[in-house]
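Next come two complexes, and both contain chain A; in the first it sits with chain B, in the second with chain C.
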Partner chain A sequence: MSSLTAYILKRLAQFVFVIFTGVTLAFLITNLSPVDPVEQSLTQLTSFGASDPRAVEMMRESLTELYGLQGNLLEQYLNFWGRVLHADFGPSLSAFPTPVTTLIANAAPWTIGLLLTSILITFVLGNLIGALAGYFRNSKLLKLLGIAIMTINPVPHYFIGLILLIVLGYVFPIFPISGGARMNMESGLNWAYIQSVLYHGFLPAFSLVLAGLGGWFIGMRSLVSNVVTDDYVIYAELAGVKRRKIFSQYVARNAMLPQLTGLAMQLGQIFGGTVIVEFLFNYPGMGRLLIQGIYRGDYSLVLGVTTISIFAVAVAVLLIDILYPLIDPRVKLG
Partner chain B sequence: MKLRKLIVATIGAFAVAAPVVAQDFIAGLPREETLIIQGPAAQNADWFNLWAPGGGANPNGNQQLSADTLWFINPEGSGDTAWQNALAAARPEYNEDFTQMTVTLKDGIFWSDGEPFTAEDVVYTVETQIAHPGMNWSAPFTINVDSVEAPDDHTVVFNLKAPNSRFHTLFTVRWNAAWIMPEHVFSAVEDPLTYSFNPPVSLSAYEMENYDANGQWAIWKLRDDWERTSIGMTLDEAPDVKYVVYRTAGNPDARVIEQLNHNLDVINDIAPEGMFTIARDAAENTAQWLPGFPFAHPDPTLPSVILNNQLPELSDPKVRWALALLIDIRAVSMGSYRGAANIAALAVPPTGTSIPDYYEPMQEWLMNYELDTGESVIKPYNPDIADQIASLVTPQWGDTIPEDPDLRKRMFGFGWWQQNADAAAELLRSAGFTQNGNGWTTPDGEPFEMRLQVEGDNIPTLARAGTIIAQQWSMAGIPTEVVVAGPTHWQRIDVGDYDAAIAWTVETWGGHPDLSFFLESYHSDFLRPIGETQPPRNMQRWEHPELDRIVEANRMVGFDAPEVIELGQDLLKLAVDEMPMIPLMAYNKFAPFDTTYWTGFPSIENPYSASGPFWSNIRYMVVELEKNGND
Partner chain C sequence: MFKVIRDLLRYNVEFLAGFTLTLMVLIFAAAHFWTPYPGYNLYLLPPDLPPSGEHWFGTTSRGQDVLWQLSEAVWNTMAFGLTVTILSRLIAISVGMVSGYLGGRADRILMSINDTFIALPNIPILLLVYFVLREQMTWPLLAVCAALLGWTYDSRLIRSVSMSLRTREFTRHGVFSGMSTWRILVREHLPYVLPIIFFTAMNNLIWAISLEVTLSVLGFTDINRPTIGGMIYWANQHQAIISGIWWWIAFPILAIVLLFLGLFLLAMSVNEYVDPRSRLDRMGGVA
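Right, the complex of A and B next:
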C-alpha cells in the first residue's frame, strides 16, 4: 500500500469515527434534554383555551404515538441512524408533520449565502490587510487600519450588530433591520430580488465582517512578521527582487497556508448558522431554526441541523487533510 | 489611485442597490391600505391546517383573520358587550340537565371559494376530529360528545355523554377555540392530519394573498365578498383595511425601531423602556391602551409567585402567608415594570369584568379581612398601596398620573398586602419554624431555603420581579436562589420541580365572570404527586375540600347564572385564606399602535376588542380601523 493510500485511508477512518461520535453525542444530548416536545405541544394547545384535564391526558397519549416517541432510547437511537443514512430526519415535532429536511432546505440557502459571503470577504480583507501590515510595517495608513481593527476586535459581535442596527437602521434609516428580502417579491434569480437580498443582508453581513476581521488580521500579520525574517525573504531582498513580488510570491503565499486551514474550518461550520446575528437581524437562516428547535424540544429538528453541521465540519477537515500534502510539501504522508 | 477606484466602485455599487430604499415597503401593496402587525416567525409556513398538532402557522393571521367558529368573548368587554355571536345566530341553548346543546347558525355565510357554510361543516368538524386522535380538539370532543347531528342546514344538536354546562366554551374564542373545518375540502383528502390546507379556504373576512416560505411574513387580503362572512355582515360598509400583513420583526428592540420607522402598526410585548421611548419620541403618532403612563394593556392572566403546595415546608398556609407578607409589592412594581404594573391581591387578574364582578365588590371584605398569626390578629390588606406606587412614579411622569382614584385603580390596581416582617415571623413560628440567628429552621430541623424559578429573558419583567422577591425573602432570613429555567420553565413547573416560581396558573375569560377557564382543572381529581405531570393550571398543586365543592357546584350552574359570581367570590376568599399562590399583578403588555396610517385602535375608553397581535379577537379591531389620510 502506498503511503498516499495509507494516509487517505487513515483520514477516512478518522472521518467515520468523528461522525459516529459526534452524531451519537448529539442524539444523547438532545434526547436527555429536559424539554419534552409532547409537553411543549400540549402547553401550546392548552395555554390559549379552557382545557379539560381528562382531554389533556388523552392528547398526551395521542401525540406521543403520533410523534413516534414510543420505545426506549436504544430503539430510538437505532431508528435515528436508520433515518440519517437515508438523509431523512423525520417530521419536525414543532412543525409537525413538515419534514425536517424541508425546514432545513428553506433556511440553508439564507445562511449559506450570508456566511459564505461574509466569511470570504472577511478572509480576503483580514488577510490582505494583515499581510500588508506585517510586511509594510512603516505605512501610516496600515498602522491606522491596524489600530481600528484591533479596537473593534474585542467588541462582541452581537454588540457590533446592535450598534449597526441602531445607527444604520434607526438614526440613519438607510438599511432594513429585519428579514432576508423585501416582502411580497417574487423570489428567484431576477435582479430586483437579488438586489433586495443583498440590501437586506448588508447589515448582518457587515456586522459579521467587522467582528471577524480582527482574527484574520492578527493571525496574518503575525505569520507575515515571522516569514519576513526568514532567510529566503532576506536573500530575495538582497538580490534586488521587487518588494511587490516578494510580498505576493514569497511572503503572503507561504503565510497563507495555516490561514487556509482556518478558512476551511469556518466554511464547515456554515450549516450551524450564526445564531446571534440571525436573531438580532431576524434573518431566516439555520441559526434561528436551531434556536426555535431547542426552545420547543424539537429533537428531530435539532438533530437534523447538528448532524448536517457535524458532517460539514468533518468533510471540511477531511478535505484539508487530503489536500494539505498537495499544497504544502512539508506535510509528511506517513 | 487604486484606492480611489475602489472607493468609486463601492459608491457605484451602493448607488445600484440604493433604489430599493425608495421603493414601497411591501412590494405591490399600497401602504395606506395595509395594516402591518408584528407576528412570530412561522416555522412551517406552508402549513395552514389549524386542526393538526401544533396548529401550523396559526399566529400569522390564519387563525386571527381567516378561520371562524361559533362565538367569541371580548376579553375587554363586560356584560352583553363581551359576548359576540360569530357563526352562531344566538347563544347556545342547553336542555335542563346540560346533556344537550343546540346551536342555531347564521344564514348567508359562505366560504371564500363560494361554497355555503352549513351545519354539515360543524358536524364534520366534530366527527372528523373524534375519528382522528391527535387532532387538536379530538380529545375534548371524544370525552364530551355522544353524537352530533344537523336537523337542517342551520341547526346543530350536540348530544353529550354527561352533563356539561360549559361545553360551548370549546367553540368560544378568547384566544383560540375549535375552528370550523370546510367539509367540502377536507372530505376529499385522504388524511386530515397530514393535509397542509394550502391555500387555506377562508370562512372569515380576509383570505390568503401571499406568504413567505421562511415564515417571515404572511399577507391577507379583504375578501371581495366580505359581506358574506360572520364579521362582514355586521358592518355597514367595507373595512378600510384591504391588506393585513403579519411580519416578524425580530427582538423587542428591533420592534420598537420598526414602529418608530412606521414599518409596524401593531407591536406586542416590548420592555417598559421601549414603551417609554415610543411615548417620548413618537407621542403624536402613537396610541396605546391607556393614554398616559403606565400605557400597558393588561392581559387576563395573573403572574403570581406560584408556591409548590406539595412540599412539606410550604404545605401550611401560615408559611405561604408569611412569604406573602415579606414582599414589598411597591418594590416589585418599580423593579419589574418601573411602576407600570397593575397589582392584584385576589386570585383573578384585575382586568375586564373581574373589576366590577370581583375587585370592586370585594374591597370591603378585603379591608376587613383578619389574619391570625398565632400571636396577634392583623388586617393585612392595604388599599393605599396603588396610590403609593402612583406617588413613586409621579416625579417622572408628572401630570400624566391622574388624581382620580378610580382611574388610578384601573392603572395601578386596587390594594395589596402590607409588607409586615413581624407578622411573617409570627406566622412562621406558629407553623413550627424556629428562628436561628438570622435564618429559619423548618419543623423538620432543616434550614428554610427557597429556590425561586423564573423563565428569564423571554419575559424580562417577570424575571426582574422574581429577582426582587428573592432579595426580599433573603433579607428576611430565608436564603433564596433565583433559578433561571429558560425553555424548561413550564415543564419543571408541570412536574413540580420547583419551590416557588414566577408564572401564571390563573387565566380568565376576561370579559365574563365565569372562572371555568381555569377552575375545572383545580379539582383534586386531577392532582398529581410531585414528579408526575400536573394537567394545565393548578400548578401550585393546591388541594382543599372547599375548593372541590366550588368546582363541582360551578359545573352544575349555567354559564351566565348569577351563582357563577357568588362561586367565584367564594373561590377568591378561599384563595386569600389559603394563599396557595401569591398573586402579584396583571400581565401588563406594552403594545403601542402607530397611528400614522390608521386610527381607531381599541383603548380603555373604547375597549371593543382585544388588541394583541395573536388574539383572534383582533379581527374585530382590524375591520374597525380607519385611514389616517397618510400615504
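Right, the complex of A and C next:
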C-alpha cells in the first residue's frame, strides 16, 4: 500500500470517527438530560397557539419517534442513527409542517456563501500582508498597517459588527442593517438579485474579515521572518536571485503550509463563528435558524441544525485533508 | 517564574502595557465587592441618566448604575473565563504531555480523540446543551462544557514541545536513573512546557470570554447574573442604541476591548519570549 493511500485511509477513518462521536454526543445530550423533550416541545408548541389537536397528536408521535424514545437505550440510539442517515429530522415545530431539512436547505447557501467568501478573503489578505510584513521588515507602510491590524485583532467580532452596524447602518445609513437580500425580491441568477445579495452581505462579511485578519497576519509574519533566515534563502540572495522571486517562490510558498492547516481548521469551524454575526445582522443563514429554533423551543430544528453542522464540518476537514498532499509533498512520507 | 515576569516587565514594553491594562481591569472588577448597588437589584435608581458626576457611566433603563454593574459584570465574566481556562488547561496539559512523551499507540489514540474534538463545531453543541437543560443550566456547568471543548488546539501545541523533549539527553538520564514517567513529566518536562501553557492560557481566556459574550448576548445563559454579555443583552432588549442610551453599550465594549488588548499583549510578548529567535531580532536585528 502506498503511503498516499494509507494517508487517505487514515483521514477517512478520522472522518467516520468524527461523525460517530458527534452524532453520539448529540444523542447523549438530548437523551440523557432530565428534561422530557417531547413534553417540553409540546408545551412550547401549544403555548404558541397550535390548537389543532390532530397536529399535536401527530407531533407527539413524530417527536417520540424522532427522539427515539421507543424501546431501550440501544434501540433508541440505533433509531436515531437511522434518522440521521436519512437526513430526516421530522417536521419543524415552529414552522409546522415544513420539514427541518427544507429549512436547513434554504438557510445553508447563505451561511456557506457568506463564510466561504469572507474566510477566503481574510486568508488571502491576512497572509499576503503578513508575508510582505515579514519579508520587507523595514517598510514604514507595512509597519503602520501591522499596527492597525494588531489593534483590531483582540476586539471580538461581535463588537466589530456592532460598531460597523452603528456607524454604517444607523449614523450613516449606507448599508442595509438586516436581511440577506431586498424583501419581496424574486431569487434567481439575475444581476439585480446578485447585487442585492452582495450589498446585504457586505457588512457581515466585512466584520468577519476585520475580525479574522489579525490571526493570519501575525501567524504569517512570524513564519516568514523565520524562513527568511534559513540558509537556502540567504544562499539565493547571495546568488542574486530576484527578491520578488525569492519572496514568492522560496519564502511565501514554504511559510504557507502551516497556514493551510489553519485554513482547514477555520473552515472546520465555519459554523460556530457565524452565529453571532448572523444574529446581529439578521442574516438568513444556519446560525440564525439555530437561534430561532432555540427561542421558539423547536427541538427538531435545533437537533437537525446541530447534526447537520457536525456533518458539514467533518466533510470540510476531510476535503482539506485530502487536498493537502497536493500542496505539501512531505505529507505523503509522514 | 517570578524572575521571568520581573525581567519581562523591565525589558518588554508590550508585556508591561499588557500587564498594566489587565491589572487595571482586574482592580476595577474587584471593586464590585464594595458596590453600593448589588447587581441583581433593579430599579434602585432613576433610569436612563447620562454619565454625570454622581453616576460616572450613567444608569441603565433598568435603573442600575452602569459603573458598578460593569464592575461586577467584568468580575463574573473573568470568573467564567478563568474557570474554563484552568479546567481546559488541565486537560490540554495531560493529553499533550502524555501523548508527546509516550508516543506510539497511546499517542495515536489520544490524537485521534483530539482531532475529533477539533472538528466538532463548538457553538452548536454548546447551544444544544443549553437548549436541552434550559433552567438547569448554571454557569459552572456551562464552564465545564466549554472547557471540554476548548483544549484541543493547545494540547497539540504542548504535544509538539513534549515530543522534542522526549529525545533529549536529560530525559534519558531520568529514565535510566529509574524516575517514574509521572516524575519525569512533572519534574523534568513541565518547566519547559510552562511558557507554552501561559501563552495558550491567554488565548484560551480570550476565547472563553468571547464565548460568554456570544452566549449571553443571545440570552442563552443565566441573564440575571451581571456579565459583559448579559449587560449587552439587556441593552439590546431595551433598544438602548436606538433610544440613544449609548453609555449602556459603550462602556461594556470599552471594558472588554481593554481587557482583550491587555491579555493579547501579554500573550504576544510571552510568545516572543518563548521563541528565542524573535528575542534576538528585538535585540538588534542579529537574526
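Keep this in mind: the second predicted complex is superposed on the first by the 264 of 334 C-alpha atoms of A that agree within 3 Å, B and C clash if a C-alpha of one lies under 4 Å from a C-alpha of the other, contacts with A are read in each partner's own complex, and residues count from 1 in each chain.
The rule is short, and it goes like this: a residue touches a chain if its C-beta (ideal position, glycine included) is under 8 Å from a C-beta of that chain, and two chains touch if they have at least 3 such contacts.
Computed from a predicted model, the values in this text were never measured in an experiment.
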| item | value |
| --- | --- |
| Which superposed partner A:I276 touches (first chain B, second chain C, both, neither) | second |
| Chain B versus chain C as contact partner of A:L223, first or second or both or neither | neither |
| Chain B versus chain C as contact partner of A:I294, first or second or both or neither | both |
| Which superposed partner A:V317 touches (first chain B, second chain C, both, neither) | second |
| Which superposed partner A:W110 touches (first chain B, second chain C, both, neither) | first |
| Touched partner set for A:N153, first chain B, second chain C, both or neither | second |
| Contacts of A:I166 with chain B and chain C, given as first, second, both or neither | both |
| Which partner, chain B or chain C, touches more chain A residues | B |
| Touched partner set for A:A26, first chain B, second chain C, both or neither | second |
| Interface residues of chain A shared between complexes with chain B and chain C | 34-35, 162, 166, 170, 279, 294 |
| Contact footprint of chain B on chain A as seen in their complex | 34-36, 39-63, 65-66, 92, 94-98, 102-103, 106-107, 110, 162, 165-166, 169-170, 173-174, 177-180, 182-185, 195-196, 198-199, 202, 279-282, 284, 288-289, 292, 294-297 |
| Chain A-facing residues of chain C, complex | 112, 115-116, 118-125, 127-134, 136, 153, 206, 209-210, 213-214, 217-218, 220, 241-242, 249, 253, 256-257, 260-261, 263-264, 268, 275, 277-278, 281, 287 |
| Touching residues on chain B, where the partner in the complex is chain A | 16-17, 19-21, 23, 25-29, 41, 43-44, 46-47, 52-56, 133-134, 136, 138-140, 142-144, 166, 169-170, 174-177, 193-194, 210, 212-217, 219, 245, 247-251, 253-254, 257-258, 260-261, 487-488, 490-492, 494, 516-518, 520-521, 523, 525-526, 533, 535-537 |
| Complex contacts: residues of chain A adjacent to chain C | 14, 17-18, 21-22, 25-26, 29-30, 33-35, 37, 151, 153-156, 158-159, 162-163, 166, 170, 218, 222, 225-226, 229, 265, 268-269, 271-273, 275-276, 279, 290-291, 293-294, 299, 302-303, 305-306, 309-310, 313-314, 317 |
